[in-house]
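Several structures are given next for inspection.
Next come two complexes built around subunit A: one with subunit B, the other with subunit C.
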Partner chain A sequence: MQELDPLLQLFEQVEFLLLAGIILVFGYLALEHKDIVYAAFFFGVMASFVAGLFLLLEAPFIAGMQIAVYTGGISALIIFGVLLLPRAQDRTLEVLPSPRARKIGLLLSAFVMAMSGGLALVFPWSTDIPQGMPEYAQSLQGLAEWLWQSHGLYVQIIALIILTTLVGTLALMKMEKAETLKDITAEFGVEAAPMPDDEKTEEATN
Partner chain B sequence: MIQSNIFTDILAAMLVPLRDVLVQLPADWYGSIPVLTLILFSILSLIIGLRYNPLPVSIIGVILAILEVAALDSSTYGVSFGGLFVRDAFADFFIYLVLLVAILVMISATQYGGDKGPYNFLFLISFAGAIWVVMATDLVALFMAWELMSTPTYILVALSPDRLGLDGATKYFVMGLISTIFMLFGIALVFGALGTTVIAEVGVGVAAIWAAPASLESQAYTLLLAMALFVIAFGFKIGIFPGWMWVPDTYAAADGSVTAYLAGATKKTGISALARILLVGFIAARFEWYPLIVVIAILTMVIGNFLALAQKDILKMLAFSSIAMMGYVFVGFAVDTQFAISAAFFLAFIHAIMKTGAFVLVFAMSIKLQKRITYEQLNGLSVRHPLAAAFLAIIMISLMGIPFTAGFTPKFVLFMSTVEVGLWWLGLFAFLNVTFSLGYYFRVVRAMYFRTASEEGPLSLPRIPVSIVGICAILVLVLFWFPAPITNLANAAAALLIP
Partner chain C sequence: MVPLSWYLVVAFMLIGLGAYGMIVKRNLIRILIGAEIMGNGVNIALVAFAVYGGVFSYTPQGLVILVIAIAAAHTALALVLMLLYNRRYGHVDLGSPVQAEVK
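On to the complex of A and B.
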């Protein structure tokens, strides 16, 4: 492997840290923004900067795919999803944690991040790459050949997984429509029983 | 024994015509023919489900898959797809387990969801993935199969009649995602350090690095991290410490058939995957993973049992007791002798039968009574539905691990095996946990037989779930006296891992 100029090496390190920082910031914004359209937008920006990481790794083809699939495809898909869904269906997921629980959660995740960051820095990572590692293609044609010739089965399994999620999503959407159209207590047995929380709320309103 | 040989000979003779047909298929498919059958029937049931009830087709698919497994001898027709998925004695044990749970679950689906195409499709695809998980000999193939098995289950949980199902599914999905990330990271580290993802080759590579650790220290540490990541990743799905949190919420929210499948089959495939990785891939690093497994076994047993005792909801109690049961299975891994591993596998098999029966019956009751089933709802069940009470009592007694039920044998053997290798303290700890578990299992029996019901009159339950729990109860009794069919399979599976 070609030895890099120390200044260039430092520059690469700074570049990586900068990109990683931006990704974290936009990732956080995508997670935390209340409006899902903004969240999708921040997700798209984050995905574009992830493409920057691939460029740093000298994989421009993967970087292009990252932008096409994540920044373009997935962000558009989220926004389409928002447009198609009339409103959020599930009540149980709307319960947000208390500010105290949120603070504890933040502290805990900061602790885990610090610990894993520390571990990543001190960990004696294996740097010797074994001989005979495969050469990966940098073109769509090469990638297709590599996928179909030696990993055709995997491609088919992935196709099956995608089909499964598609069927499942449709089934879920159909079920949710049924729920919004008619009273669910009669049809769905388990929910007919009032939960302890419901009783308390009823008492409070009375 | 002679009788059982005659029986298997007759069965083999009956399956010869089927085998003759199946061998006409491409040789590269042989090992995976049952899986491909399930995939084919899943698509058929999806299409048929557009107009008719597809459940009979799905059940035929599962029965056909069982016959194919029996017809095609794994030693001759075991390899498929260039050795990515291989049927051997170890895989066969778990394949039979998955298919047994699969058939019970599909029959139980008559209660809820079975008349819909997507429901059947998702179940059959998940069965196919589960069989591939236990057959996978390559880490990437294992990962693919794992996702094929898991993805439908996320949706199946969300399709529950209870609206809490979405909540349970979200927790399960997020945990599943974390487990996927850990698994992928582990695979990447193994590939980075050894340049291979074939589990047997990983075993050779790890042994070579462990034989000369001084010069290859960084690779050894990377592999150790990968090993820990695998334990955590599969631990999330099995529901052991520290990834057990999703189990009670998901099990209590999903419909009974899905819960029975999750507790009975997918958990066990996680055990098989972990067994293959630890006992084939990382056997040279045994002294490094063994303390981790001991700690996980202890914490899992304690958490499962303590929290199960605190539950009022029977489904949640059963979910926590499943967590505790995984702790006992991990005791077998910690002991790591052929005897102990075989007992752990036998326990996993019996547990699958017990939990399938229990979850199906409790869900049937919850649909009938239109409420969550607590100990109160079980009061006086022996008078209101004597048969269901008797079957559930047999299953509870077996879960306690009391003699004359199959739950006793593997636990006894496991605890004896801990003494054999000098881990008596672990055995004692597990025994104390089993004693502790009597507290919540006995409450069920007490409620059914020694408490009077608040409502009068008999309780009519659908015949199918009662017959399923009946089959499970009878199996639990029969397998105490005649455990040979299962112990032989378990011994062969363990012998393959630890020669």
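On to the complex of A and C.
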């Protein structure tokens, strides 16, 4: 890591503080904003600023993945999920925690923040990135070789886990859909419910 | 140069914020957002430790990339479970008074 002049160092620190402030504010808004669609949107914005921190840490591929998956994928997925759940958008139906539960939650999270943040500040961590680190971060070919040649087995195991999760997700959706269709409920091990007569006549007319 | 401790403080604050969301909130979507915020904090801590600790080879990078990919899959699963919860109970709020009214 080449030595930066003091002005650049100051600029980097100011950039970090700005990013950190924006991340914490948007993270808070993602949890506390009244409108849940906006909350999901703020989460996406927060995730893209976290990518800025990864860029400051000289890890551009992780920043790219962060933007592609968190900002582009997960926040969009949450927004679509909210749109599929119309009652989730109704603030009047939301159950608010009791003041006691809220206080306990606040105390616990403040305790986590204070203890771990205090430890992070007190412990004598290194203040500089060691030599040679950016070379690792810049080599996409090296990363691809590490992933697919040296550790291909682990990648395949992870891919299988993800595939299993997605297949399970689809199966859950299909099973639920199938249970709503009375004719084929028996295929899924649930006893077929007798269909009322007026429903039968409705279906026949359709 | 930004010291490692600054990154760790931000990471731990994000973890605390996510924990707050998961403990206090009753809406399942907000709980999921809280879990994702915690995940972001963990990723920042992992990368910062790896970069400043002098072990930033391909291992931490590959690890974080795989963690991000798994986060996407578990979000999809969580959303489907929420849809199922909504179909069964008609809402996505834990502890709602109408929770016992199964359709």
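Following the convention adopted for this analysis, the second predicted complex is superposed on the first by the 130 of 206 C-alpha atoms of A that agree within 3 Å, B and C clash if a C-alpha of one lies under 4 Å from a C-alpha of the other, contacts with A are read in each partner's own complex, and residues count from 1 in each chain.
In the analysis below, contacts are C-beta pairs under 8 Å (C-beta built on N, C-alpha and C of every residue); 3 or more make two chains touch, one makes a residue touch a chain.
Bear in mind the structure is a predicted one, so any value in this text is a computation, not a measurement.
Shared-chain residue A:Gly142: touches subunit C; no touch with subunit B.
Look at A:Leu153: by the touch rule set out above, it reaches subunit B but stays clear of subunit C.
Legend: residue contacts after superposition of the two complexes on their common chain; A:Ile161 is shown touching both subunit B and subunit C. Shared-chain residue A:Ile62: touches subunit C; no touch with subunit B.
Of the two partner chains placed around the shared chain by superposition, neither subunit B nor subunit C is touched by A:Asp35. In the superposed model, A:Leu172 makes contact with both subunit B and subunit C.
By the touch criterion defined above, A:Trp125 lies against subunit B and subunit C together after alignment on the C-alpha atoms of chain A.
By the touch criterion defined above, A:Val82 lies against subunit C but remains apart from subunit B after alignment on the C-alpha atoms of chain A. Of the two partners subunit B and subunit C, more residues of subunit A are touched by C.
Shared interface residues of subunit A (contacting subunit B in one complex, subunit C in the other): 93, 123, 125-130, 133, 154, 158, 161, 165, 168-169, 172. Here subunit A touches subunit C in the complex through residues 4, 9, 12-13, 16, 20, 23-24, 27-28, 30-31, 36, 39-40, 43, 46-47, 50, 53-54, 56-59, 61-62, 65-66, 69-70, 73-74, 77-78, 80-82, 84-85, 87-88, 93-97, 101-102, 104-106, 108-110, 112-113, 116-117, 120-121, 123, 125-130, 133, 136-137, 142-143, 146-147, 151, 154-155, 158, 161-162, 165-166, 168-169, 172-173, 176, going by the rule given at the top.
Interface residues of subunit C, counted against subunit A in their complex, comprise 1-10, 12-21, 23-30, 32-34, 36-37, 40, 43-44, 47-48, 51-54, 56-59, 61-62, 64-66, 68-77, 79-84, 86-87, 90-96. Those residues of subunit A whose C-beta lies close enough to touch subunit B in the complex are 89-93, 123-133, 153-154, 157-158, 160-161, 164-165, 167-172, 175, 179, 184, 187-193, 195. Chain contact summary for the complex, subunit B toward subunit A: residues 39, 46, 81, 84, 116, 118-119, 121-122, 125, 140-141, 144-145, 147-148, 151-152, 154-155, 158-164, 166-167, 170, 189, 192-195, 217-219, 221-223, 225, 366-372.
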